[in-house]
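For reference, the structures are reproduced in the following blocks.
Look for subunit A in each of the two complexes below; its partner is subunit B in the first and subunit C in the second.
For the complex of A and B:
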């Protein structure tokens, strides 16, 4: 009898204990959940709802179905310009960023004296906000007396109207963006490179593989997951670019429409023209494009890995 | 040529090449900043010349920044917003992260999947309703607009903390349970002190994000008495077009506090970026 009583008491105690922990768990999550619900989940649903409305500050909201989306794709010539600019900017940023940061991470991965000092300097641009960065680069790009044109002058290349000429403005924008993205990508790639076991390199060295060969056939294949991650994140960042463009080439995405990217278009429609419905539709189109790109990229990366695994077998 | 010589010579050459490459990379990372520092010390005439070291450093440019913008006021605002949001994020995210990692309650795992889903939602989609929310709540153009949205935690921070708490051995908690500690006591006295690396990462990343943020203060704040430094710089850039020495001095003054934080918390910052992919 006593043992059964004791057992029952233990079970009750145990139940009471987990009840208490469950209650604590709910309480601990509650404030955070409220914040996520109010500032993430609700806005997500509400912007989708708004994208089907004719919604601005002056008239009452009216349901218009897919009209906002339709006029984006058929009735707004600026949308195709913005989309093209964003694609050019994204490709012009992401491809050089990945190539340069692979090389930079490869160099920074060497265990030599003073390497930590160099790492500190190379990662330093990460601490610079896009606004400060854009103001500083305006100074560098200055046509008459900017550093870049002075240096080009030394090798006999005439002054280039970097931010003034529509032909050069996008290239300038990409350059600044690359300057900022390379340290970011390098951090991630370097972390991955440090996880590659030394024994692989030793084996390759015994086989007589040179440094470049080791980098191409051991390092790069082994950190492919990190490269893929960098590509996805960089695309997501670049495709939504706003701060940098706003400060470097102006809130209208000038000169002319040379740097009129989707982020600028969204800002104009939402907060200058106050067309919340139309801007929300634009935001969802951007979201959808990003989702598709991310899924495709992850699929490709996985298929490539699977193929290679099979070829190993 | 002896064997030793033959081995050492290519090594020295290769070392030389490596350091040249490193110096080149470091120069690329630094030259815009060095050029800005140099520009901030030139006068209006000298700023058109390519010298890196100004003949007569004009420290008065820095004095002028303080005259042209309420620098210390904005500095205080930036510190206040970044500080409040960082503390709030660390507290509420670690609390929820502990619950998601260790405390069983009904619907917990479904809820966590929902959290993971919101990580994919870009700012582009949420910013318009967030803007409207703040307007309806009457918080625009008040300091609250800068603090409230981040104060009670985020899905990202919670995810980060949960992942970390899962790596802490369960024995640590079991011993405390036997001693009769409540879940709150376990969190506050035992797990939170153990989570210092993750706490540092979250705090530093949040600090940089709030300090460097531009879109949200641009939307929320009109009065310059509650503006952040970043916003102040953009306004100054609009008002004093092409007054490069003063603009560069202002940029450097805004950059300096962040470089100090970078110097102190570099490890946590770089680790945070490597782990989360945030901060590009």
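For the complex of A and C:
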């Protein structure tokens, strides 16, 4: 009897303890949860609600059903321009970013003297704000006295109107975006590269594989998850581009519509035209596009990993 | 008197006054506020200085329930706020203050006053004229042996005479690079191009208020725009957008690298302080189809927020700043062109601009101005213009292309906002 009573008391004590722990856990999580609810869930829900309304900040919101989405897809010629520009900007940023980051991370992964100095140099742009960076690049892109055109002049190339001519503006924007994105991508890829076992490289070397072959056949396949992560994050960042465009080529995404991307379109409708319902609809369309892209990318990555595991087996 | 860059707390009962200004202009504003405080010690005023985008700044204040009591209003953008019920119709208060109404009517310039008359309401009173005219460098004119341009709006000069002058004043170095421009524009290029259209005899729109069509498809208006675009692209007397990236047009004129600069009185302080710059002012040229030299109305006014809890104090402030005393303070400050006849013609205004020989260009400016369209849809039209004027101003397309592209897009916005 005494043993049974003792056991029951121990169980009760344990239950009480685990309840107390659960309560404490909830208390610890509560502030964070409240912040997520206030600053993420509520704005998300509110913008979804607003996307079905016509609202200009001052007059009461008016329910318009799917009208905002309908006019976005059928009645606004600028949406297709903004979408096309965003796709060009995303591709023009992500592909070079990944390729350059792979190469830079490969170089920085070497065990040579003073490598930490070079790593610091490469990572420095990460610490600079986008707006500051854009202002500096404005000077670099100056047609008559910009650093870039002066350097091109040394090899006999005439001045290029980087930010003034619509044909060059998007290319200029992509260049700055790549310059900004490479350090972050390099950090991720370098960390992944450092996790690749040395024994694999030793074995490859014994089999006569050169540096490039080792990089392509060992490094890249083994850091595929990190590359995949970099691609997803870079696509999301590029698709949401705003600050860089706003500073470099102006609030209208000029010249003409050359850099009129979705982020600029959203800002313009919300804060210049005070069409918050329409801007919310656009934000949700952007979210849907990004969601689809991310899911497809993750599925592809997962399938590739599974295939590789099978081939390894 | 303190100047608050941002924020709009409700911790005291001060009247809040929102305005946009560069540092010199802010100084003039504070002089008016100080003068008001001396006459109305019972009304405390707290100033709120706008960020770079005043309309956006103002909208956010008002949408957040903290609309400043007195708001600066711009001729091109106030209609959007009036249409949304943000601004108070001042006719009610004016009706109760017959003496001030009569004084204002007698002393005002009608076109400027009516700029803020929208949909039957009076949403602001004008307080300054900031229309465009030309600054010219007297020394460069003398060196080139070119006759000084006219000094009054009633005495116009033609597009041809202006072009000849600009050509005579454009200089190139041995490499062919321009060392001195005949003409530079310190205003917004697409608006300036339209002003050349107006000077060719066709207004931006008819009617001016709430138009349903703008004259971007009018051949004569287009001709004026083309003339403006040709100054840089064909005649090479004005810099292109690329050529002003390293040095702003304002700096080109200040440093003596440009003989004529288009702009308004807001450039006066900068040019006045530029070392070694001896300048005067002249009127804009008139096109072959134009009837008279014209500036743009380009005015700002003072409005009262419809939601203000201090309407009476706000009314006293607006009355003061746009009335004879406030206007006299503005005239003496030399930082703005006042809008009441008595202040424009005052000795204080002339004294503040004593280095200007052709003062009639300033004093006659408000009466020789034509307004730009007033519509709640202006932000959309402005952005359409920015996009469509680009190829024309670069010389990639003729101005006639505006008739098919921009004109239809603008009409669509005006018909179904």
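Worth a mention:
Assume the second predicted complex is superposed on the first by the 293 of 313 C-alpha atoms of A that agree within 3 Å, B and C clash if a C-alpha of one lies under 4 Å from a C-alpha of the other, contacts with A are read in each partner's own complex, and residues count from 1 in each chain.
Heads up, the rule we're going with is that a contact is a pair of C-beta atoms (placed from the backbone, for glycine too) under 8 Å apart; a residue touches a chain by one contact, two chains touch by 3 or more.
Since this is a predicted model, take the numbers as computed values, not measurements.
Contacts of A:256 after superposition on the shared chain: subunit C is touched, whereas subunit B is not. In the overlay built on the shared chain, the residue A:178 is in contact with neither subunit B nor subunit C. By the touch criterion defined above, A:246 lies against subunit B but remains apart from subunit C after alignment on the C-alpha atoms of chain A. In the superposition on chain A, contact is made by A:42 with subunit B only, not with subunit C.
Touch criterion met: A:56 reaches subunit C, while subunit B stays clear of it. Shared-chain residue A:144: touches subunit B and subunit C both. Contacts of A:161 after superposition: subunit C is touched, whereas subunit B is not reached.
Contact with both subunit B and subunit C is seen for A:271 once the two complexes are overlaid on the shared chain. Greater residue coverage of subunit A by touch, when subunit B is weighed against subunit C, goes to B.
Counting contacts by the rule stated earlier, residues 142, 144-145, 271 of subunit A appear in both its interface with subunit B and its interface with subunit C.
Contacts from subunit B toward subunit A in the complex involve residues 15, 18-19, 21-22, 25-26, 28-33, 35-36, 39, 47-50, 92-93, 95-96, 98-100, 103-106, 108, 111, 114-115, 118, 120-133, 149, 151-155, 158, 182-184, 187, 208, 211-212, 214-215, 219, 230, 233-234, 237, 244, 247-248, 251, 254-255, 258-259, 261-262, 266, 269-270, 273-274, 277, 279-280.
Every residue of subunit A that touches subunit B in the complex is listed here, in rising order: 18, 20-26, 28-29, 31-36, 38-44, 46-47, 50, 104, 107-108, 110, 112, 115, 118, 120-133, 135-140, 142, 144-145, 147, 150, 179-181, 183-185, 187-188, 190-191, 229-230, 233-234, 236-237, 240, 242-243, 246-247, 263, 266-267, 270-271, 276, 279-280, 283-284, 286-287, 290-291, 294. On the subunit C side of its complex with subunit A, the touching residues are 53, 55-56, 59, 62-63, 80, 84-86, 240-243, 245-246, 379-380, 383, 386-388, 390-391, 394.
Taken in their complex, subunit A has these residues touching subunit C: 56-59, 142-146, 159, 161, 163-166, 252, 254-257, 268, 271-274.
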